[in-house]
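In the two assemblies presented below, chain A is common to both, partnered first by chain B and then by chain C.
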Partner chain A sequence: MERYKTRAGVVLTCVCGEWLLVSAAALRGLCPFVTVINESSAFLWKRLQSGTDAEELERAVREEYEIEDPETVRSVIVAFLQQMREMNYLEEAGKETGKAND
Partner chain B sequence: MIDETKKLLLDVLSCAIRGKQAPITDQLKKKRMALFQLAMEHHVLPLVVDTLYHGEEADPTMRGMAGQVRSLVIAQAQRTADFQLLLQRFGQKGLWPVVVKGLVCRSLYPEPELRPSVDEDLLIRPEDFSVYDAAMKAAGFRVEQGNEDEDYEIVYLHPESDFCIELHTSLFPEESEAYGDCARYFDGAIDRAVDLTVEGVSLRTLAPTDHLLFLICHAYKHLLHGGVGIRQLCDMELMIERFGKDLDWGYIRKSCDGLSLSVFTAALFRIGEKHLGFAMPEAFVDIDVDESALLEDILSGGLYGVVDVDRAHSSTMTLEAVSAARDGRRSKGALHSVFLPLEAMRGNYPYLRSCPWLLPAAWVQRIFRYLARKDRSDPVNPLRSVQIAHERIDLLKQYRIIR
Partner chain C sequence: MEKIYQAEYAGHPVRYVFLNPFTRQHFKFWLKPVEGEEYDIKATPEQVARTLAHMPETNPEYYAEYKFLILPTSDYLLRYRCCLFHAVAFLWRGRAWLLTAPSGTGKTTQFLNWRKLHPGEITMICGDLPVLELRDDGSVWVHSSNWNGKEGVGSFQSAPLGGTILLEQGGVNRIGRLNVSEAIPALFGQFISEYETEDQIRAVCALMDGMLSRYPAWKLVNLGDDASTELMRSVIAEETGGNDGTV
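This part shows the complex of A and B:
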């Protein structure tokens, strides 16, 4: 799995039971302004934000959701990463792309 | 004795700041709209609604409130995101301003974006001002208020997002007779600043002891200007909870003694103990204080006491009373509200910056402006304003800020 980190200028928040990703004004055109995500995506986002690598991420998902099958765990993570990458909420670790309209 | 709605606000807040859901009691159902109004005045509506929102069980009113609060939280999250990018941009240029309250205080809450901040505050060295000013302008901000030569804080606004940053070269204006003394307690605060990671973003912030002392002094400043907000007390208590072991309580107590703020601070902590469920810090246990008058003052004024226009106007007298006490002179009383000093007039009468000798003309202009006001929907009642000032000066005496 490639290494990704959450993009600076994207904030995860939860209000009245709804998880939201909200991006900075300067990221308009690059990321959606607001995206509603589910609780398990929020769980993965928090782990990525704290610098968790792929192996630790798999372990965290196994423990949190009590999933034994490693392939299932992997597919959950891959799907999440792909969705977040498509929306430009992630960037490759070690690479800082900065602002969209710098 | 505080009324039912105020008691409810404290009960609900004490759940909210611990990330717990508050039970929906019959009393709460009856007083719900009054509670929301009070929470709005104190800028804690998202915290209150979120903690009372029980998902599927929510009735149409609660669902409507959740919708409103969702917009407020998204706006706050966007300001946080904007701020993260600004800090990242500063970091890329080798600039590490000291982040004060705002983002750091929000990070103390279980869900940070539920605690709104109107702006963000950055502390920098005076000699670095031009570098930061250029960096702010390069990031698209423009100066909204203040100038480098006269003011200790310059307000910047981003014209597209309305995001507001205050750049401080000092934490308090040294020239203020009422609270300028606070400034010297933060000499060297930038050298003592510490690294902190908030939501994946590295930043510099005040050392915990400096930060808590700053929150106390900041609450004192707002007490004089109109009122302390209950949110300010929540910030303090959560900071103690998070950084307790790193706090130099001996220094905090000694500083409060030096500023005549120990009784006031003990009263704040007593409110935290009795109404929000926090422990009374050992360093203030010896002070026997009745916190009830301060609590009523806090809860009746809204955030910073601006909910009542007469109360806001009364601050010119409370500030003058403290200035006089600190100076050892007799207070000018109500006349001071009419003939404000130069520094208080400069904001609304910018020509005084270059022509200070026009102060008497500005006084006359101010009186005529007041008499000619067409918008009388919320007129100032001078007599009530003076009465509030007298009551609040008694409060300052009760908490030994002045004698």
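This part shows the complex of A and C:
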């Protein structure tokens, strides 16, 4: 699995319970200015910000949402990463090797 | 030595150096000369030229400087949890009400309709860019500024926020509460900021959170006629008791 990190200049914030990703001016044209995301995406974003690798991300999701099925956990993570990648909110942080979800 | 002039927004001083001496006239009574060499905001000739390039040809350079200063002023005020906000702000029954919308959508028309229909009931606080302030107790206050739009109507008043009305032109008159997910994208563009830094983004979001968590917001689809203004006034009065906008 490729490794990603959150793009510098994208800020996770909360307004009246709504989670938002807001891009700084330098990213105009590259990322959307404001995107509303759900709570689980905000959880994953915070984990990515702190440098979590794929295994840790899976473990964190399993614990936070009490999901036992590893395929379900992976699908949630893959969908989140794909959505964030498509909006250029993530930067590649190199390749992981030997991880369970490669 | 450069001459330094100071304005105060929501009680916070901002010191300017002007490239063009005629720029000061647009600030009217808001400026006073101050001693010293330190200042907070000064445009560069390139920045003024870029602003001028986006304005109608008849506008002079000093007006471009005046318009350019809006953004750095607002971003400077964010450190005090204050921000310029694109709206007509008026005082009604002890509270400030914000009519907000993109330019040319009828903010001033709604204000003028109300004043005509109910003479003496409302007072203009600021015609274009009032200062919003998030206070330590979570309340939001609305203050005047020198940026009063093409009509140039404003005052030196401040008041706690009553509520926000987002205007949209339409073929019917209709008003309803604006929920948070609708309000956020609509209001983002009304806060004046370059959004250059994380601190600026967080300060704007904190202000928006204060606005939407404690005060009501409506969306008024309207024809710009007297009936639309009466509809807005009656709904605000009914839903807030007229003198207390908090929710």
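Throughout what follows, the second predicted complex is superposed on the first by the 93 of 102 C-alpha atoms of A that agree within 3 Å, B and C clash if a C-alpha of one lies under 4 Å from a C-alpha of the other, contacts with A are read in each partner's own complex, and residues count from 1 in each chain.
Here is the rule we use: contacts are C-beta pairs under 8 Å (C-beta built on N, C-alpha and C of every residue); 3 or more make two chains touch, one makes a residue touch a chain.
Please read all numbers here as calculations on a predicted model, not as lab measurements.
**Q** In the superposed model built on chain A, check whether chain B and chain C fit or clash.
**A** With chain A as the common anchor, chain B and chain C collide in the superposed model.
**Q** Give one of first, second, both or neither to describe whether A:36 is in contact with chain B, with chain C, with both, or with none.
**A** second
**Q** Determine, for the superposed model, which of the two partners chain B and chain C contacts more residues of chain A.
**A** Of chain B and chain C, the partner in contact with more residues of chain A is B.
**Q** Pick one for A:65: touches chain B only (first), chain C only (second), both, or neither.
**A** In the superposition, A:65 touches no partner, neither chain B nor chain C.
**Q** Check the residue A:11 against both partner chains and state whether it touches chain B (first), chain C (second), both, or neither.
**A** Both partners, chain B and chain C.
**Q** Does the superposition put A:25 against chain B (first), chain C (second), both, or neither?
**A** Both partners, chain B and chain C.
**Q** Would you sort A:49 into first (chain B), second (chain C), both or neither based on which partner it touches?
**A** After superposition on chain A, A:49 lies in contact with chain B alone.
**Q** Would you indicate which of the stretches 57-65, 273-281 or 291-299 belonging to chain B has clashing C-alpha atoms with chain C?
**A** Here chain B runs into chain C along 57-65, and the other listed stretches stay clear.
**Q** Which chain A residues come up in both lists, the one for chain B and the one for chain C?
**A** 9, 11, 13-18, 20, 22-26, 33-34
**Q** Which of the residues in chain A end up touching chain B in this complex?
**A** Answer in residue numbers: 5-6, 8-18, 20, 22-27, 33-34, 49-51, 96, 98-99.
**Q** Please output the residues of chain A touching chain C within their complex, sorted ascending.
**A** Chain A reaches chain C through residues 9, 11, 13-18, 20, 22-26, 33-34, 36.
**Q** If you look only at chain C, which of its residues touch chain A in the complex?
**A** Chain C reaches chain A through residues 180-181, 184-185, 188, 194-198, 201-202, 205, 208-209, 212-213.
**Q** Note which residues of chain B are touching chain A in the complex, please.
**A** It is residues 46, 49-50, 53, 55, 66, 69-70, 73-74, 76-78, 80-82, 84-85, 88-89, 92, 111-114, 158, 160-161, 163, 199-201 of chain B that touch chain A.
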